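Next come two complexes, and both contain chain A; in the first it sits with chain B, in the second with chain C.
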Partner chain A sequence: MKGYLGIDVGSVSTNLVFLDEGGTVREALYLRTNGRPIATVQQGLSEMSGCLPARTVIRGVGTTGSGRHLAGVITGADVIKNEITTHAVASSTLVPGVRTVLEIGGQDSKIILLREGMVADFAMNTVCAAGTGSFLDQQAARLTIPIDSFGELALQSTLPVRIAGRCAVFAESDMIHKQQMGYNLADILAGLCEALVRNYLNNLAKGKEILPPVVFQGGVAANSGMKKAFEKELGFEVIVPPHYNVMGAVGAGLLAREKMSGSMPTGFKGFRVAGTEFKAGGFECDGCSNLCEVVEIYEESDVIARWGDRCGRWSGSLTREEKIS
Partner chain B sequence: MKVTFPHMGHMWICLQAMLEYLGVEVVVPPPSSKRTLSLGSKHSPEFACMPLKLNLGNFMEAAERGADTIVMAGGCGPCRFGYYAQVEHEILKDLGYNYHLVVMEPPEKHIGELLAKIRYITGKSSWLEVIRGIRFGYRKALAVDELERLAMVRRPREIKMGSTDGALQQALAEVVRATDFRELEKASAGGIEIMREVRTEERPVLRVALVGEIYTLLEPFANQDIERRLGSMGIEVDRSIYLSEWVNDHLFMGFIRGLRSSKEYCRSASPYLNHFVGGHGQETVGSAVFYARSGYNGIIQLLPFTCMPEIVAQSILPGVSNDLDIPIMTLIVDEQSGEAGMTTRLEAFNDLLYRKSSAKEVLA
Partner chain C sequence: MTIKIGIPRALLFYQYFPMWKTFFEKLGLQVVVSGHTTKGILEKGARLCVDEACLPVKVAFGHVAELKEADSIFLPRLVSVSPGEYICPKFLGFPDMVKQCAQDLPPLIMTNFNQYRREGDLYAAFSETGRVLGSNPAKVYFAYREALRAHKRHTSLLQRGYMPEDAVKLAGEPPEKGSLEQEDVRSRPVVAVIGHPYNIYDGFISMNLIKRLEKAGFRVVTQDHLSEETLRHHAGRLPKKLFWTLGRNMTGGALHYLSDPGIKGLVHVASFACGPDSMTGELIERFVRRMGGKPFLNLTLDEHTGEAGVVTRLEAFTDMINLRLASGS
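Presenting the complex of A and B:
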């Protein structure tokens, strides 16, 4: 079998997908990054190679997510693409005609508006992570509810309570207050979902026209309480697509497929990199008062990438690859 | 008396030139850096915007180099910046610094108010000399702006990555070195020559305009070097505010003819925003309209977190974007130094513009 790999290294999860030559998702992995992106990518690669038939040929690799450059140099990716573009590509392929993409991940949330299959506008949360997966995770942990049953529980609510959603700190103190007043858990959770949806729409969708079909993706889309809250607020159906939690990886894979459709050889280093030793080192540059923290990535004993400097003194000192976009 | 001032992009070149021309001893603070920001935010009110924190850091670092007098711009209107000089001075006093403060404000009625303050700083110089000094500083601002403009055009077309930035530093150094009008004339011409020598090639580039709040537009440390980032992605950049234009508009009351003026922006802001809303809110809306009509591919609005006038503009821009069919993205900057967020947004915006413009070509 021949196909393409898509890798999305996010703050919370690292996802890998394998697409066949037609662009259909054949395998998908969802792993927790646990703050160790290099090890997680390696673990993902070894798990993925275990899922695939022995003589699978990888014709191209795409990486995305906040760790895309790291994953890119480790695997030898052909395409390194930002997560807004990859999410848009994936949803317009899996849900043809989609006009709005709501995406909520671990540390960030975004809204993407598509018109005639093209990204027309987008926004990402800027200075606040209220309403993202991490906050839901943290609240579920505080209430000792497994995150997987958060949504179901919220759906049992009959009268969601009002919770301030503007800031995670306000939301938490509101939740504690309501819980001490004796409201039941389901109503509090549903109230939290509604608050987060309000915050999302006020913060990100400010002045943007949300038109159906609307797709809801990212790890938080697993939460049926959030889906329901979006539907209630928007007044129309919200679609949670298959592979909703690995859409970034799907998009990266699709872009790799688009780029490598000729007979170009892939830069993929092979599944063997799962066993190679990668190390990250770093130092503070003393070239000027910016004191940039420069990161170096070693493969065995070779430096394969450097970044973090503002002026290009270090990142430019390795052979320059094509401009990253 | 050793005079210092806050940083805002290359403004120091112009101020240093003006003051030294008049024989005033100047201490230029070290360029804004993480240290500046750490010092500044440690002693600033948490809810103040980043410019205040950086100003304060600049003053603290300048004091280490012996500065004892602050020259700073003020302002009026609902933007908080108008009061920053006084607030910063109070904070410095509490911290035990012994600074003297002179606030340069847009004169309420007459340029004479400004001159009186300059008189205080410049001491014995005659009025004629003072005016020559101001002219000298202003000429430097013009020269610097010209070089910045050239860099923004050449960067996306350079053959060797980074060559424009190297040339710009060299050219600016020439301008900085000039100590009188004749030298400056030579230095500007030489600087332009240096910029022209950057090897470039003709390639199709996207054009993006930066609009928004003046400090975040002009100070690369505050905007995470957005001009350079966009340039290295192959995008030609222009910005709605240049120092020389601002000085002419606000300090010379439009005395020098023939420069682009913010009054035009205010006119083109109609019918979206017909009133002054403080800071550069109205200019932001107007310049967005201006750039959309000039055929730019996209617009990026920059503002420091909690900037009220720009928040007003931000809420109006989607209408402009819709009516004039031009993508507009807003970037809010604050203390965070993580670059990933900025990079991701710029790359995605680039993709959006690129796909939009190639779709247009297919239709044409």
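Presenting the complex of A and C:
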């Protein structure tokens, strides 16, 4: 079999997909990044190679997510793309005709508006992570509810309570307040979902024209309570597509497929990199008062990439420029 | 030994530096400028400055502190640079803030620049500066005329499409020598960047926004490349007069570029904690939507902004433009 790999290294999860030559998702992996992106990518690669038949040929690799450059140099990616573009590509391929993409991931949330298959506008949350997956994760942990059953519980609510969703810190104290007043858990969870949706629509989607079909993707789309809250607020159906939690990786794979469809050889280093030793080192450059913290990525004893400098003194010295752009 | 006048590379430097430089040089003084913004300059500035100020003011403090070696630092109290309009109140208070917060500085030249009533009141400001320096009034008048000429030339280079610092470099040469005259630069798709000059031209504050766009294959224009008449005409389309000069320029520039089919996208750069920016940003965004939705990106910057966030948004923005160009719409 021949195909393409898509890798999305996010703050919370690292996802890998394998697409066949027709662009269909054959294998998908969803792993927790656990703060160790390099090790997680390696683990993902070794798991992926176990899932694929022997003698599978990888014709191209695409990486995305906040760790895209890191994953890119480790695997030898052919395409390194930002997560907004990859999410848009994936949803417009899997849900033809989609006009709005709501994406909520671990640390960020996005809204992408597509018109006639093209990105027309987008927004991404700024420094504040209120209303993202991490916050839901944290609240689920506080209430000792497995995150997988969060949505189900929220759906049992008959009367969601009103919770302030503007800020994660305030939302938490509001939730505790409601819980101490004796509201039942399902109503509090459903209220939290509604608060997050309100926050999302008022901040990120402020002034944006949300037209159906609307696709809801990212890790948080697993939460059926969130889907219901979106539908209640928007007044129409929200589609959670197949592979909703690995859409970034699907998009990266699709872009790799598009770029490598000719006879270009891939830069993929092979599944062997799962066993190679990668290390990150670094130093503070003293070239000027910017004092940039330069990160070096080692493959065994060789430096394969450097970044973190503002002027390009280090990053320009060895990386393959055309890929890190 | 010639007296050294220090000018911080901050705030209205990008618009007025050639004028100020020429004035002092014609009086026989030497002009020194602080270097490009670095993390060190920002940190120094943030330490000296009051906490509530916006990022560019903090950066400006850092630049002033870089000029300790100068004999005097030129910190004009900029009240108004255009009749009937004001400059941000922080500019008006800047020299006094510096005086209060920073010690061990050389003497400050804090002349008032106030053209609120008349354009011609500019001479009063220069003549006052000359008096402070103890220069001969006739010489001051001559230097002032030369300064105006330098400013006019700077403005015309900007209107030709040069970025302020390139225009400063080109000051002594014929404009045909500039990099913009090459065919391949002229034929690139054009993106407009709208923002306060001290944000968009400062590579540190803007995280090299303009360079990044150029590297991605675009030519960048800003509101400063348009003539005063164009800016006024388009700002005049608003139901009410904007009385901040910079906000008026930005809005006028954005409206002009939005109606220009040659412009493929628009970036608005705002400083976090800037009141006028939050308003112009919102105004511009509404006009973008009303006028057919060109690709638009609103970037808000502060000292905590990570480069990764800016890069991701910028890449998505350029992808959006490129896909549209490829599809021919």
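Everything below uses one rule, namely that the second predicted complex is superposed on the first by the 320 of 325 C-alpha atoms of A that agree within 3 Å, B and C clash if a C-alpha of one lies under 4 Å from a C-alpha of the other, contacts with A are read in each partner's own complex, and residues count from 1 in each chain.
Simple rule for what comes next: contacts are C-beta pairs under 8 Å (C-beta built on N, C-alpha and C of every residue); 3 or more make two chains touch, one makes a residue touch a chain.
Keep in mind the model is a prediction, meaning the values are calculated, not measured.
Colleague: Could you check whether chain B and chain C clash or fit when both are placed on chain A?
Modeller: Clash: chain B and chain C overlap once superposed on chain A.
Colleague: If you stack the two complexes on chain A, which partner ends up touching A:119: first (chain B), second (chain C), both, or neither?
Modeller: Touch status of A:119: both partners.
Colleague: Applying the document's definition of touch, where does A:66 land relative to chain B and chain C: first, second, both, or neither?
Modeller: Touch partners of A:66: chain B and chain C.
Colleague: Have a look at where A:82 lands relative to chain B and chain C in the superposition and call it first, second, both or neither.
Modeller: A:82: touches chain B and chain C.
Colleague: Scan A:207 for contacts with chain B and chain C and give back first, second, both or neither.
Modeller: Both partners, chain B and chain C.
Colleague: In the superposed view, which residues of chain A touch chain B and also chain C?
Modeller: Common to the two interfaces on chain A: residues 66, 81-85, 118-122, 124, 126-127, 207, 288-291, 310, 325.
Colleague: Considering the complex alone, what residue numbers of chain B touch chain A?
Modeller: Residues 30-31, 33-36, 161-162, 165, 225, 232-234, 305, 314-315, 318-319, 321, 327, 329-332, 334, 336, 340-341, 343-345, 347-352, 355-356, 359.
Colleague: Across the complex, what residues on chain C touch chain A?
Modeller: 38-41, 204, 208, 215-216, 285-286, 289, 293, 295-296, 300, 304-305, 308-309, 311-313, 315-316, 319-320, 323-324, 327, 329
Colleague: Quick check on the complex: what are the chain A residues that touch chain B?
Modeller: Its residues touching chain B are 66, 81-85, 108, 118-124, 126-127, 206-208, 288-291, 310-312, 316, 320, 323-325.
Colleague: Could you pull out which chain A residues touch chain C in their complex?
Modeller: 66, 81-85, 118-122, 124, 126-127, 207, 209, 288-292, 310, 325
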